[in-house]
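Next come two complexes built around subunit A: one with subunit B, the other with subunit C.
== the complex of A and B ==
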């Protein structure tokens, strides 16, 4: 109904709420790729420093290290390894896509490349997870 | 915001370094994982195996290079995330300097551990 329309075209749009930026329906593949890259990147930085911190046990001698290794061979720790590998695969494969696009390789098919990268990441994650749990 | 030419050039230079270290990491991380999990049967887990592994000069160089490369790549990534919040040039310089020192400390700490175990 025309009577419902009260806003004039000149009036600026209302400010977007913060929550609207978190609405997944507003994000395209490129935006998801960017967000995933940032989240996995920051997660991997945290892992790097945790890993370096854990390696300090090597400086305390064989007893400290070997008893720690017995703990990390448990299934919950192996599941954390799978999470780290998932983050690494997503970050690395997406990084390859971004680097290729910046050098003008496949810039026009970026969305398809992102989908392929995520499928490859999923397949590699399944293979690596099987190897991790079979080898434990 | 209009970027100064110097600022734009700095951003493109750091982007190139991050892409280069990213490609290097694909190679170095693959070598790191192969060496850690496939050279010794059942993976490199026991303390004595790790000492033997790090006493190999080729491995020592590869692990050292891996440490430097991963520190550069990680901290340039953190820098890019922080810069996305839209800082002033002065704040950007402070962040860059802080991350540079953190990178130096990270590499020094990692080198110290390698040194303690290998030597």
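== the complex of A and C ==
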């Protein structure tokens, strides 16, 4: 009679990973779009509050505002502008895709719509980045 | 040719912290992932708990996550998920309570289907395109079921494996979301309904925070359905109809 082996199994270390519901790796385009929307959405909310905080400088008079503007016209700050625009483009264009698909317009081609949205976002980002840095 | 596959299996039992055990199983190169799990159980550790029945993607009971992705291991070739070097990781479905190891308590799936008030079963005479056998029929053509069986029933294409709920990021947030399978069942009932009162009742049952509006449109249910169904498309279809009805009502006022 064949007996069962009783080897003690090896125990690999427990995995370290993102909350599994928000980990799009190896998942479909829809999951990537879902996660990107959440990340950019949260980023834009944070940006909004930072923006409102910065605008409060206006209440301190023109000198305070002008000196701040000199700082944000520096190259590193312009790069941050590009990051904000990238988040806005991804969120807005994906939002249009989701809205259309949610009303059953193009729901079957949502993956292609995501690809198109991201290509359009990339093209617009390049154009806007050039305009930002050329105008600085 | 046989393969020596490093197989990590999620272990979870009462009183033991969840962890993974690594087994090096020897299986044929034509083996499925379920064959590999069975090899680990048969030759390494008979206490591994997993569920399976049909071995051909019909019962849906063996659904697990392989390398993080929901699959039916009975029809997943080991060579499709093993790169020849890394460990193959087998875990239970997400968004269900784990009963033990790879076995999850799927009763919440059936709770969700019941919450949608749409039975996943229907009389077989309405579903089959051809007549079967020589079974006697009543005057209206309905087949007479054998003694002891109230009526012929069959499962729809959904095999109730729970993969769509495991894959759904909205279901991961918990709550009373009906889930993709439940909402797809509602959409199917809606497609068949003709009486206005019936349509109203069906659409009303999902027009709420736990119904179609809870979905966050990740399409992962459709992406992962082993039966090739489109629960996400069904949800979008219900949303479109509900929105159209609201807009019509708004402009009639």
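The working rule: the second predicted complex is superposed on the first by the 111 of 136 C-alpha atoms of A that agree within 3 Å, B and C clash if a C-alpha of one lies under 4 Å from a C-alpha of the other, contacts with A are read in each partner's own complex, and residues count from 1 in each chain.
The definition used in the following text is that contacts are C-beta pairs under 8 Å (C-beta built on N, C-alpha and C of every residue); 3 or more make two chains touch, one makes a residue touch a chain.
What you are looking at is a predicted structure, and each value in this text was computed from that prediction instead of being measured.
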{"item": "Larger contact residue set on subunit A - subunit B or subunit C", "value": "C"}
{"item": "First (subunit B), second (subunit C), both or neither touched by A:110", "value": "second"}
{"item": "Which of subunit B and subunit C A:56 touches, first, second, both or neither", "value": "first"}
{"item": "Partner chain in contact with A:102 - subunit B first, subunit C second, else both or neither", "value": "both"}
{"item": "First (subunit B), second (subunit C), both or neither touched by A:69", "value": "first"}
{"item": "Subunit B versus subunit C as contact partner of A:135, first or second or both or neither", "value": "first"}
{"item": "Touched partner set for A:41, first subunit B, second subunit C, both or neither", "value": "first"}
{"item": "First, second, both or neither for A:28, with subunit B first and subunit C second", "value": "second"}
{"item": "First (subunit B), second (subunit C), both or neither touched by A:79", "value": "neither"}
{"item": "Touching both subunit C and subunit B, counted on subunit A across the two superposed complexes", "value": "102"}
{"item": "Complex interface listing, subunit C residues touching subunit A", "value": "8, 19-23, 42-46, 67-69, 87, 89, 94, 167, 169, 172-173, 216-220, 222-223, 230, 232-233, 236-237, 239-240, 243"}
{"item": "Subunit C partner contacts - residues on subunit A that touch it in the complex", "value": "4-5, 7, 9-12, 14-15, 19-23, 25-31, 33-34, 98, 101-104, 107-108, 110-111"}
{"item": "Contact footprint of subunit B on subunit A as seen in their complex", "value": "38, 41-42, 44-45, 48-49, 52, 55-56, 58-59, 61-62, 65-66, 69, 73, 88, 92, 95-96, 99, 102, 135"}
{"item": "Touching residues on subunit B, where the partner in the complex is subunit A", "value": "15, 19, 22-23, 25-26, 29, 37, 42-43, 45-48, 50, 70-71, 74-75, 77-78, 81, 106, 109-110, 112-113, 116-117"}
